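First, the structure itself, so that you have it in front of you.
By letter and in written order, the chains are A, B and C; residue numbering begins at 1 in each of them.
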Amino acid sequence: MCGIVGLFAKTPKYEGRLGTLLAGMLETMSERGPDSAGFAVYSGGDDGMLKLTVRPADAEPLPAFAETYAPRRCGSHAVLTVPLDESETVIAALNEAGAAVVGIGKRMELYKGIGLPAAVAEEFDLSRMTGTHGLGHTRMATESAVTTDGAHPFNTGPDLCLVHNGSLSNHASLRRRLRSEGIAFQTDNDSEVAAGYLTWCLNRGMSLKQALDRALEDLDGFFTFVVGTESGFGVLRDAIACKPAVMAETGDLIAFGSEYRALAGLPGIDTARVWEPEPATVYFWERAA
Amino acid sequence: MADTEHPGTLPRHSATFDLHTLSEIRRAAATGIYDIRGGGAKRRIPCFDDLVFLGASVSRYPLEGYRETCATDVVLGTRFAKKPLHLKTPITIAGMSFGSLSAPAKEALGRGASIAGTSTTTGDGGMTPEERHHSTLLVYQYLPSRYGMNPDDLRKADAIEIVVGQGAKPGGGGMLLGQKISDRVAEMRTLPKGIDQRSACRHPDWTGPDDLEIKIEELREITDWEKPVYVKVGATRPYYDVTLAVKAGADVIVLDGMQGGTAATQDVFIEHVGIPTLAAIRPAVRALEDLGMHRQVQLIVSGGIRSGADVAKALALGADAVSLGTAALVAIGDNDPKWEAEYQALGTTAGAYDDWQDGRDPAGISTQDPALAARLDPIAAGRRLANYLSVLTMETQTIARACGKSHVRNLEPEDLAALTVEAAAMAGIPLAGTDWIPGRSDG
Amino acid sequence: MIEFDLARQTTRDLNAALHAWPSRSDGDDKTVRIVNPGGRHALAVGLNAPVDVEIIGPVGYYCAGMNQHASVTVAGSAGVGIAENMMSGRVHVKGDVSQSAGATAHGGTLIVDGNASARCGISMKGVDIIVKGSVGPMSAFMAQAGNLVVLGDAGEALGDSLYEAQIFVRGTVKSLGADCGRKPLTGEALAALRRLLDAADVDADPGDFNRYGSARRLYNFHTDNAGAY
């Protein structure tokens, strides 16, 4: 149960203000999700390198070996830039040291924390971030604990992340099935199961579009998902579509919000095309790389 | 030798296919429709009877009956509302609709509650002028169907109860069969006369706690932040539901266990969905405590409350008040043996009559038949309810005094012991004579 | 005219002032203008006087909820449950509206110049709703009374579990819900539709519409219809 925001720059015009705009959107969704917040921003990216967003264990410093990878500290998190072929070893070593790798991607950085969205945005200085697109989430926990791990977005694979508003009704059995297929889960959160489900689909060679189409078959309950990818984002609502979703498009931006309020401060919103995504329909926006 | 008669075995009924089960199979096969009935769960489930109080003796001191005060007042809706409800007794009357109940029955509930200094509640069908007139404190239910919902009555109400679910059928809608849709009921609900009325299971314009928060804001804005907003849930996952209702901004939570009654729904729903009242209270209270909201947001518990002992036990487990439905109907005359011949004619017996959906109630309560409804004298029935509420209040005080409390709200879980392992586990109360609470890891 | 600027004033300020109407009325001018609504919720709810409210910009959930007598115009889009449970008066949205527009409304008129999304007119109980664009899926679900007029198209499961509300659609209907059927455009229906179109200042030929209503097969339970419940 939550608020979702997403912003995608069609042109470079607002890339420099992406963080500022996203922070404003996130804050307006505080009432929908006062427990925790998180966001993913897509920027930069070097061929052959992966960005690892790392949250060290409570009150622990970053493990010493991480210094090799030019860590950029940002609030409680740090972003390491790791050569692709070393990434598995580094991730294993970070896990061994008790640090959580919350985001993995060529372009994606992912941050989350407990507390009001404004405080989370401030901790990570979201308003100074730049990028081509980003998405964010404010959480009102339903049945799972309020923890940093339980905050969205959930990283579902390199450069892929998911945010969710709603309540899945078959996540327990789906989690068991996915676990038996080797997907690992950190929380009891239903949304993490949706993320794990997409990971599983993608591991089996499906495209994101195919995975989202299939999600309509396999996930039961109420959901609005926004999924971020290296070059764009997708939106999917369940067939009943009770959880709200509003989208807006201008010449320069595509934006998603759980409520119109989240979009109200965007440049050009007064003349934007504003609409609601249809139930059980996969939407996808992508920017030529 | 060979022709001696062998002793035969006695006929033996199956415990699985008992006589009631067999009759249900035959009924389903004959009609093709599930059994719809009124009331709450009828089978034996762990309940308040499985708890006892630890009265004072040497280690603690009791209060003297009648001379030493034991207060019973409670204030509901202190969190945000400008006008909270001040009740003389923590025993309220639950929501029951005009439509499911006759006009005299609704009037009797209003009269009885008003004499006792407590509140009564509308139901799925709107507010009648009679019940508003006869109820000093009236809670207006806001249900998925919104039958009869209008802003004039909203402003006349003393509190607003957003009904998410009820103990008899958490997750289900309603079904009032055509027989009870009289002209007046049809008009109040904007439906054609005589048709089956299907009510929705979800609200038409919000789903989930994030949207509930916005709905609560709207209702508060319409009523200028004066009236307490209750949220009523059927007991299933009380820890989460209470947490979320508080986060969404409720002033009062109403938690209805599986024994809670309904006017009409599927028997399979009543008997098989939801958890017993006994098991629901502690998780709800724990949710309030974890949020630092216990006693700030009040908890009303309902479902199978019959006596002052039940009231005292609910309060001791952490409730601020209780609510009565079925027991209040019995007090005004439901299932009275004086109508036994007529119950027999309906194929049942006094005490077992539950076809409240049929509208043929000999006691004139669950009916819209003018001749049957006229049997219930609302003044006398109201007096009976007031008497009953007074007895429950005195019984609650009796127990509270025995436990040394000068206010019934000071009853606490440590005043209780459990008689069965099941009750000990469900209520989180040690089994009598032990300090064992089954299922508690630190127990 | 009274003006409220929601960039400076709160929703509470606004509604409290509107509820005090007409004691706060400024002479004979009954117009209240609201600027910078910013998608806020519960604006102009519970009105109970013949005041004209004009909101310049988009509104959030439940704008004009439970309206009585007032005329509320939104020069923008509206969120979930616009004019929910309206009793009387008129609500006019010049943009699009979100889910559950006019939910359970008993009376009055709701006019939407743009599109309405899912569940438009859910459980409506007497309101007249005129949507100049299209309506989303499950519109007029369990609708009890009143009229839903759609100049564009209707989404899936139109009029599911319908009671006695009437639906008029000029465009296509993706699918009809359980117990909703096409009905003849009788002279009486044409006259009613003409009245509705006139009330919304819509220039359209009533003869171009199809009419839908309850097939009344679910009014009393029969086991062979069990799949439709």
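In this text, contacts are C-beta pairs under 8 Å (C-beta built on N, C-alpha and C of every residue); 3 or more make two chains touch, one makes a residue touch a chain.
The UniProt protein names, listed by chain, are A = N-methylglutamate synthase subunit A; B = N-methylglutamate synthase subunit C; C = N-methylglutamate synthase subunit B.
Values in this document were obtained by computation on a predicted structure and should not be read as measured data.
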Stepping chain to touching chain, what's the minimum from chain B to chain C? 1
I want to compare two interfaces, A-C and A-B. Which one has more contacting C-beta pairs? A-C
Which whole number of Å gives the spacing of the CA centres of chain A and chain C? 36
Rounded Å distance, chain A centre to chain B centre (Cα mean): 43
Which residues belonging to chain A are in contact with no fewer than two other chains? 242, 244
Each of the following residues of chain C touches two or more other chains, namely 60-61, 80, 99
Scan chain B for residues touching two or more other chains and write them down. 211, 214
Residues of chain B touching chain A in their complex? 202, 207-211, 213-214, 237, 240, 244, 247
Touching residues of chain A toward chain C in the complex: what are they? 241-242, 244, 246, 259-265, 270, 274-276, 278-279
Tell me, which parts of chain C touch chain A in their complex? 38-40, 57-61, 77, 79-80, 95-96, 98-99, 115, 117-118, 136-137, 155
Touch list for chain C against partner chain B, complex: 11-12, 15-16, 19, 41-42, 45-46, 48, 60-62, 65-66, 68, 80-81, 84-85, 87, 99-100, 103-104, 106, 119, 122-123, 125-126, 141-142, 144-145, 161, 163-164, 218-224, 226, 229
What does chain A use to touch chain B in their complex? 1-3, 31-34, 140, 142-143, 165-167, 222, 242-244, 258
